[in-house]
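Chain nomenclature is as follows: A, B and C, assigned in order of appearance, with residue numbering initiated at 1 for each chain independently.
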Amino acid sequence: MSISLPTYTRREMPLLGRRHRVRAIITTGLRREFKRPAVLVVIGIGVGVTIISSIVIVLFAGVFLQGQPLDLSFFFTPASNGAILFFVTLMASVVGSALIADDLQSMALTLYLSRPITEGDYLAAKAAILAPMISMIAVFPLVLTPLVAALLGSFSWTIAVEAIGLSFLIGSLFTAFYTAATLALSSLTRRKSYAAAGVFALTFGLTIPAGILAGPPFNNPAVLYASPWENYLAVARAAFGAPSAPIDWRWSLAILLVATAIAALATYLRMKFVEVVSG
Amino acid sequence: MLRRPVEGTIVLVETKNLTKVFGEVRAVDDLSVAIPEGAIGLVGPNGAGKTTFLRLLLSLLQPTAGTAKVLGRNILDGVPLRERIGYMPEHDCLIPDMTGVGLVAFMGRVSGLDADSAIGRAHDVLQFVGVEEERYRKVAEYSTGMKQKVKLAQSMVHDPQLYIFDEPTTGLDPRGRTEMLDLVRAIASSPGRNVILSSHLLPDVETICKYVVILDGGHQIAAGDLHDLLTGAADRLRIDIRGDREAFVQRLREAGLEAEAGPTGVHVGRRPGVEAEVFQAAKALGAEVRYMGREIRSLEEFFLELVARNEGKGA
Amino acid sequence: MTGVVEAAGISKWYGEVLGLNGFSASFGPGITGLVGPNGAGKSTLFKLLIGQLHSDQGTLRLLGENPWNNVPVKRRLGYCPEHNTLYGWLTGQQFVEALLRLDGMPRSRAEKAAEDALKLVGLSSAAQRPTRTYSRGMRQRAKLAQALAHRPEILILDEPLSGADPLARVQILRTISDFAKAGGHVLMSTHVLYEIERVTNNIVLINNGKAIAAGDIHSIRALIDEHPHAVRLETPQPRQLAQALARMEHIVSLEIPEEDALLVRTRKPDAFYRELPAIVADTRLEVRSLESPDDSLDAVFRYLVG
């Protein structure tokens, strides 16, 4: 016989390491995103549109792209699909803009940082929530296209495997850039809508004017370096061996990598010094 | 004014020349303290450096100079230190679209509990703080009192050795205040568990804490066992009298006692037989004695005296 | 006798949500504390008193007049809302001055009046700083200054102490007491019951939109029959004292909780206190201290609201 009353209870189990704590933030975060209708819509339409358009290009390559040799350089075409840019931006703003801004708004950041994790752990977890969501659009369709093309017999497996590897690399580069840039914007404000607007400004505010200024009558291709999308295209052209871009792919690659690193560092410093306590 | 804890007691927090400077503000200024284990009150006016001090203890800020140890560990080892601390911030900090139990379990996992244990403990601590079936609703729908309880529960979920409570009764109504203070008291009296309670409501600190640290301008201006700090004032009796107060005081003076009327009652110098004189005087005047007791300084009186003296020195 | 505030059966509904439900009370002069749980209707009552809302039923009189849409009566009251947001870019001086100008005071007089009010609350040294740099205690005092500056007859203060540090609390309570001593009336709410007791014994207890008690705390306590009044006496001879006190017919119980103490429960505390001195003096028993653990606002609140 025994009685036991609800009272202050002691913990008996030992604490697990930091990797488990970070994983807890990631899984909880991803589960939350997959419950949000807006996220499901963006995933559905975004992945659908990019994959379908890529496969249509493969099926009707001979009709639409006359003069396009059916070698590795063919795969630049699906990688340069404008839908990727649009849906990556949409995904980054729907998911990413809230990731840190919401924690600043609710001041839950204090709760995270008073736990036994570091600022770096927190950011790594947030990046690990956003990156898979963006890669569903920036990586997955690109990798799928050569696979489908090879299965349909339009391309040899040698070319397809090489295209899959290259697609994965350049898709990851683009994902990394958008993840870092979005988190940096999200850490700067308490309002996710401001961060979302920032993501759109980053995409279209830089890409469209750069495109205009590079063309006639201005003919100033150097401004294309300002556009993340053009830099990505330059790297992709070089990777797939497509006709070369008006800008040097080496500079473009350097710009994307440095911008990603700077955004990550800025976010980290912001986390380190942000004063959440308002009173 | 620095008082060392009694020999043999275990030190909870020890700082040496701890300093934190923000721009030109020295929020914590050359602070050397040794705080014993137990229930500790941290008090001070706004800008005294309390919040900065707490954030240094949590290793959320890096000191500009000096060193500090909490539970025997250097405050620079953030992660292992925070495994042993539960923090309840003053401001809102809950994630609004999570359920109470989901949030507490999540915070348990971020502290290192495995997923199953975290849910079990989340239910245990929510039961302890008195969040019943509301625990399945979203935090956004909670009343202030319920949110405060969830904030308390999340600080308990990993069973820390040190609890840091920053103004835990903010925004609570009388019933909520009583419940919260009872919970804080229950935690403070569990063996092996320490509490640092930072509050502007000094009577609350008085009823919960055994030891108090008073900060002003980033310095410690007093610290010690609360009972020791507050007694030692003039040994007097305070009497609350209904009836002719003036005549009552007059009569006690005639009996050779030191008596004076103040805003909180009649104060009489203590000596053997003084109580009998009080009842004699009341009987003679037909007055009622509503309260009679030893006069103990309140923490507030003590605090105000100290801060005034400290300002005098600074000027 | 008419009170400063007279409420007779006032009700206010926000759709289906209860604001006040047949609230009747009469209180003032001097300081009155308004206490009750969250959602009891305190803020609704304040808004009705300052004329911001119109009651659905009943009549309300403030200083003898209906406050709804009544500008002259607004000049006679000063109000501190609960929330702590000020126009952060204004200095304390500008903030109080601007509100005085809204009152119709000419610039020259407004400047002086604002200075005086800020001095009264102890904010003179910070008067030229923007209010966004103020701590919460300073914000509370700035709000109190603007409520006082036009020399109203009644102050209506919603949680004037919340968030204030101990120094600011003392300053605010002193300002309120001085205002009342000079003949002003004050209605203030707070959740920290012992703070009300420091400035007044008069309270209005509000719950579920009704006034469930109004008047002197000790008188209200004496009316609560189901909880007999407890008095704890410290004495080296508890048994003899118990015997002596047992003669009083209103005693409910006598208990010896510790070797040197006696706990008395009585239905008639007034009679008990009246008779006690003679009994103690005549029997020559030693009584070292006397206190009533449940004669406080805290006890009244616990017994009436739960």
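Operating definition for what follows: a contact is a pair of C-beta atoms (placed from the backbone, for glycine too) under 8 Å apart; a residue touches a chain by one contact, two chains touch by 3 or more.
Note that the structure is a prediction, hence the values are computed from the model and not measured.
Novice: If you take the mean of the Cα atoms for each chain, which one ends up farthest from chain C?
Specialist: A
Novice: Please indicate the chain closest to the centre of the assembly, with centres calculated from CA atoms only.
Specialist: Smallest centre-to-centre distance to the global C-alpha mean: chain B.
Novice: Could you work out how far the Cα centre of chain B sits from that of chain C, in whole Å?
Specialist: It comes to 24 Å between the two C-alpha centres.
Novice: Report the inter-chain centroid distance for chain A and chain C in whole angstrom, where each centroid is the mean of the CA atoms.
Specialist: Here chain A and chain C have centroids separated by 58 Å.
Novice: Cα centroid separation between chain A and chain B, in whole Å?
Specialist: The computed centroid separation for chain A versus chain B comes out at 48 Å.
Novice: At least two partner chains per residue is the criterion; list those residues in chain C.
Specialist: 136, 163
Novice: Listing for chain A: what residues touch at least two other chains?
Specialist: Within chain A, the residues that touch at least two other chains are 279.
Novice: Help me check something: in the complex, which residues belonging to chain B touch chain A?
Specialist: So the residues of chain B in touch with chain A come to 51, 55, 58, 60, 78-83, 85, 87, 89-97, 106-107, 109-115, 117, 121, 124-125, 127-128, 154, 158-159, 186-187, 190, 193.
Novice: Can you tell me which positions in chain A touch chain B when the two form their complex?
Specialist: 6-11, 13, 15-18, 20-21, 24-25, 28, 32, 102-103, 106-108, 110-118, 276-279
Novice: Per the contact definition, I'd like the list of chain B residues that touch chain C in the complex.
Specialist: 43-47, 143-145, 170-178, 200-203, 242, 275-276, 279-280, 282-283, 286-294, 300, 303-304, 307
Novice: Show which residues of chain C lie in contact with chain B when the two form their complex.
Specialist: Chain C reaches chain B through residues 35-38, 135-138, 162-170, 191-194, 270, 273-274, 276-278, 280-282, 284, 286-292, 295, 298, 301-302, 305-306.
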